[in-house]
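To start, I am sharing the structure in question, which I have written as structure tokens.
Going in written order, the chains are labelled A, B, C, D and E, and every chain counts its residues from 1.
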Amino acid sequence: MSNQEYQVTRSSNAARVAAILGAIVVVVLIAAPWWAGRADMRLMGEMFLYLALASLWNLMAGYAGLVSVGQQAYVGFGGYMLFALTMFAGLHPLTAIGLAGVLGALISVPVAVLIFRLRGAYFAIGTWVIAEVFRLSFAQVSALGGGSGSSLPVGIVKSLADARDTREALSYWLALGAAVLVVAAVYFFLRSRRGLALTAIRDNELAASSLGIDIWRTKLVVYIVSAALTSMLGALIFLQKLRISPDAAFSVNDWTAFVIFIVVIGGIGTVEGPIIGTLIFFALRETLADLGTVYLIVLGLVAIVVMLKAPRGVWGLIRSRFDLQLFPLRYRVIRRGPSKGA
Amino acid sequence: MEWLNAIVQGALLGGLYALFAAGLSLIFGVMRLVNIAHGDLIVLAAYLGLTVTAATGLHPLLALVVVVPAMGAIGYALQRGLLNQTLGDDLLPPLLVTFGLSVIIQNGLLEVYSADPQKLDAGALETASLSVGGLSLGILPVLTFAVAVAVIWALQWTFYHTSLGRAFRAVSDNQDIAQLMGLNRRHVFGLAMALALVVTGIAGILLGIRTSFDPSIGGGRLIFAFEAVIIGGLGNLWGTLAGGVILGVAQTVGAKIDPGWQLLAGHLAFLFILAVRPNGLFPRIAA
Amino acid sequence: ANPVLRVGHVSPRTGPLAAFAEADDYVLEAIQQTFSAGLENNGKTWSVEIISKDSQSNPNRAAEVAADLILGDEVDIIVAASTPETVNPVSDQAEINEVPCITTDCPWQPYFFGRNGVPGEGFMNTYHFFWGLEDVIAAFLDMWGQVDVAKSVGGLFPNDADGNAWGDAENGLPKPLAAAGYSLVDPGRYQPLSDDFSNQIAAFKEAGCEIVTGNMIPPDFATFWSQSAQQGFAPRIVTIGKALLFPSVIESLGERGEGLSSEVWWSPNHPFSSSLTGASAKDLAEGYSAASGRPWTQPIGFKHALFEVVADVIRRAEDLEDPAAIVETIAATNLETIVGPVNWANGPINNVTKTPLVAGQWQKDGDAMELKIVANSNAPDIPTTGEMKLLG
Amino acid sequence: MTTILKLDAVCKAFGAVKVADDLSYEVAEGEALGVIGPNGAGKTSMFNLITGTLAPNSGRVIFAGNDVTSHNAARRCHAGIARSFQVPQPFSHMTVFENAMVAATQAAGLREHAAERFCIEVLEQTGLLAKANTTAGSLTLLERKRLELTRALCAKPKLLLLDEIAGGLTEAECVSLIRTIKDIHAVGVTIIWIEHVVHALLEVVDRLIVIDFGRLIAEGEPHAIMDSPEVKEIYLGIEADA
Amino acid sequence: MPDDILRMQGLDAHYQDFQALYGVDMHVDTGEVLAIIGANGAGKTTLMRSITGLIANGPGQILYRGVDIGGMRADQVARLGLAMVPEGRQLFPSLSVEENLVIGGQMGRRGPWSLEKVFALFPILKDRRAVPSTSLSGGQQQMVAIGRALMSNPDIILFDEISLGLAPIVIKDIYDALPGIIGEGMSAVIVEQDITKALSVSSRVYCLQEGRVSLEGASATISREEISRAYFGIQ
């Protein structure tokens, strides 16, 4: 048969090298408490949390076509659950983080039923309104400080670990773990047949449904999983912030606009994009944030310039130039060399 | 009577929301552009009004003569110089560009005008009221409502009864083919944005008279504008007006029950309508 | 070289609360000048480096920059000012990271209760000086008592840290107002940046309120104030916290700004002077006006005082290398500052001490609007500069 | 012979336009049925009703003995119905091969490796193998149509619905397309084919139905149908001989 | 005045890195019907899109009535009197049938075509003039696309895959109408896969193969063998 000459691959040398390098980097990062300063660890911890948020948003927007500007709903929800479960139910913070994920998943189901009726830009606005409803609703809960917010009692933070160093290392590892877990989960999900279905839905719903893909269910699964993980990330974030208030917890700028910035600048619809984007975003912030308004103006300019020069983001640019994929998802059909021919 | 008052005041507030939303609805309808900077452009218009009134001593309403063309020109330039480059079937590049624009406008205004709250001084107009059947209605909110109705009527008419409106719709449907009809899409989009910002200019001045503003308040208004557009249904500006009024009334009625529910009630009304009619109340164009 | 002591400073330089920090550059520059020769501690001269960061009026960002200052810049003392949105997250970070922290410019109830403080226990590392709601109420009552109005008060409290504290049934305005014979109409907490106050106005009209009080942000007040006129509601006294502090806000209200009243935490007429420079309140205020061309604002004094306390602590600390020793020194402070005495020994609650508060009214003085002090019975050493007038 | 598809009094209207008007017919397993009718007669709509993209106002669709009227498109696909779209609906950002893989893994339920092999086979059969790594968005219109066919085949259907796939082909291309479809038919796949290129249709189908205004107006042996005066008049535009 | 209305000289076209046309030389005489044939992907659509300015091309590559239109924007080219019936209809979904037609005529070029004449040509459209163009069948949409192009009263009209998706009766109607259309003094370029049809209505024919002209000749005299050779190259 002539098609014996053809072969399908999903990997490349670059990807294999990247996998090895990636593993080394992760090991080095795990060891950070022994080589990095407290501030560096905190910064990296924050980067990991943003990377995780960005990867999840990318999964939704870049692959499932669910452009949400309301993920702050789950960040804030997770944060509030951490506070509520530790302060009122007396749970250990780690248990509370896990449970925040479960609750996030639960609450996302009715939300999904409602907003999945919307498409495209409507969906985006709908999610934003949902997040506002979350914000305004939590602002009515006086046990959690209402609109004023609440601080996490010191005792709860100390229950993580008594020594400050251990505590800091622990929150760093939690953040690192979250990032690695989310990126890996997204990658392996996309490589699976469900991932293929997801990409198909993004491209053309009509054709996807005619090819046996249950669009609603596939999107729902992605949405719920993102909501659960985002809620857990929210709990982690506010474990570091120590203080929560509706405006901070459900800030569209902090938890969604910056995340969109990261993903789109980095390259949406690629696993690599959020990583690149996170690096760019934090590079800008660390060098310029003290300039106040100027920093924000620069951020705006970067967003505009990148979108004009590289609408597929920085990684999109790199990929089209060098045909590079560090997390190989594409199928390539290649013809075997004649030497192998029968 | 109190309920009636709440409803009437809410409806008048809805006029302001509809005015915020009208420009947004236009560019969303024509370019499928989700303009995150819309709220900040409204604030920009208010600041332009401030500068004009401060420099010339004109009444803010007369300052419209300067602000409206200026906003139109800004809109045209913005579209041709920047936004045209980002349009395509992808929602995100324009979203991010307008996000960038929003941040730039906000912080630019902060640099120029500082964070001080400002207000346009419209003199007696601000406090004047008329009494209708025991209700006391501010002249300014009534005027705002009337302006909203007029603006929306004009936009709707332009959109569906003029060749410019036809051009808007054609270019929004299929840019390539519209070019074959002799339409320069960049110019048409420029005109659409100019028209949208003309409306924004009017909205900005009326906002600046109604309340005090500082560079950061644009974002808060944006979501109401979006909600009004969506409630109304894409491509139907009367729907946008209805959407604004529904939001306004939901807010005041919610506040009547408990002031904490004012904003929440508006959002819940929005979600309720979407649950029942995902394409809005009066969609003219399939989304 | 001298050992270096780092002081971290967080304030809302940008964002909606930026007015509170508008004089930061001026104040910090003057402070740095006085610190330039170094400060004496136990016979050694320490160089003091102030690292100032912007919270962008955003509590998330405030927590972040505070952590940055603590972990990255390894500051030895951290200070913060201006509303709970900045003060609380910074204090929380300092508390958990065990860094001495001094804050001001936020009533103590939202500071203390807003951080889940437990009376009698308080905090380990964080200290605060400002006034409390009891003072604001006393000052308001003092002012209202001077004129003849119906004792029916309309309350406008937003659902934010300040508003919740002011309106709180236990610790806020309601109880003392009732005790003083005023009836309070409180329709409930509204969400900040509301576009409509017609329900509140209707309720106030119905109850015949002649006084309106509360704590609002400027845009909300402006909306409320013009709607009041449109809907025929004309109170005789309007005394609002926060929104009416700044001359720029009053100016933006035009004619309708005249006669509004507010609490006064600090003014050029306060009879205090700086322990650091010896300058009087008047000197400081005029210095700022001259340098910036803008009118004085109340936070100037407190920002200056914050660093007076810092300097005092540095001078007195037993061991500047030891955070615990610094905390002890803060607790033992007894200093006359440009905003009055700061002494945590006689605070109303753990970790808090109070500075005097009076009330004032914006009155026309020539062309400009000026905040005249009209009620001072709770701090008689601060002279009044005008007399309370009714609106309308 | 068993019936694989049965339309039972299906009606569907868009406002005043009836796209299916009491439409009833049966298709036997392994049959190749041709559909002709004027533009706008409701042929594509009929496919939409069969695949579940459109819900009928009344009537039933029965596939392989089951009433599938209430089933969504995905479910009917899993039951064995695949189609090509008249206006191609590619997954534009995916490659041709990935388009095929979607069908093979989701619709046919093949495992990864088997799916890859199968897709290559089908791509070779439909002549798109050379374009396997091209993104579908950059295909020409006719290549997209061929991709439609490819995807439908990769779904391993029992019933294959083809909507105008021969239009615009050169004569040689048309010949090879006919051969392909005959091959598919030969392995037992039931086919319903809408086509205006009548000569191609006649090479393949066993039976022909004619639709006009959503109604079935003729049905029977292809050549006989083509010769009927009615078809000549409303479809071919030839004056019926007296 | 040159007797060719349109002339391509060394026309190249690219999609990013991919070159779709290689130095195409071609001309259309005034008043003639030219047929272009070629296999799938040969570059026929690309050629049409290049002529109308939808694909950027260089100066000097396309002359229209002797004027260089290479590098012009599509709307400028359209105003000069070039119209195209695009592959796959591409109507404006948010415009009604009538508006779709009217917008074709809004450049204000004078000439024989008007709404009435288009309705006379395709009577079914008159009944459905007020409905959204999306709710037309494929064939009806093709009629609107043709009418829309005619409404601009072009001097030259390009048909890409004129009969694709049409029932035989409609194809017949359109081909029957074609002489009338051309008779109004228009020139036309037709892409058509049905070679017999293409040859019967055209005066001359070009065959494209992989982006190059592989054959040129008079429709009446060209032979079938030549054409099939030109389609697939020398085999």
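Heads up, the rule we're going with is that a contact is a pair of C-beta atoms (placed from the backbone, for glycine too) under 8 Å apart; a residue touches a chain by one contact, two chains touch by 3 or more.
This is a predicted model, so every value here is computed, not measured.
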{"item": "Chain hops separating subunit C from subunit B, counting only touching neighbours", "value": "1"}
{"item": "Contacts common to subunit D and subunit E (chain labels)", "value": "none"}
{"item": "Inter-chain centre distance, subunit B versus subunit E - centres from mean C-alpha coordinates, in Å", "value": "43"}
{"item": "Centroid spacing, where centroids are CA-atom means, of subunit A and subunit B in whole angstrom", "value": "33"}
{"item": "Subunit C and subunit D, separation of their C-alpha mean positions in angstrom", "value": "75"}
{"item": "Interchain centroid distance [CA atoms averaged], subunit B/subunit D, Å", "value": "48"}
{"item": "Residue numbers of subunit C (touch at least two other chains)", "value": "14, 159, 189, 191"}
{"item": "Set of all touching chain pairs, with the criterion as stated earlier", "value": "A-B, A-C, A-D, B-C, B-E, D-E"}
{"item": "Subunit D contact footprint on subunit E (complex, rising order)", "value": "15, 18, 37, 39-41, 45, 87-88, 135-140, 142, 161, 163-173, 193, 195, 228, 231-232"}
{"item": "Subunit C residues within the subunit B interface of the complex", "value": "14-19, 22, 57, 159, 187-191, 193-196, 198-200, 202, 206, 218-219, 221-223, 226-227, 229-232, 246, 248-249, 252-254, 256"}
{"item": "Subunit D - residues contacting subunit A, complex", "value": "51, 53, 72-75, 77-78, 82-83, 85, 89-95, 97-98, 101-103, 105-107, 112, 116-117, 120-121, 124, 129, 132-133, 151, 155"}
{"item": "Residue ranges of subunit A touching subunit D (in the complex, touch as defined)", "value": "2-3, 6, 8, 193, 196-197, 199-200, 202-204, 206-215, 269, 330-333"}
{"item": "Subunit B-touching residues of subunit A, taken from the complex the two chains share", "value": "61, 67, 114-115, 117-122, 124-126, 128-130, 132-133, 136-137, 139-140, 252, 257, 260-261, 264-265, 268, 293-294, 296-297, 299-304, 307-308, 311"}
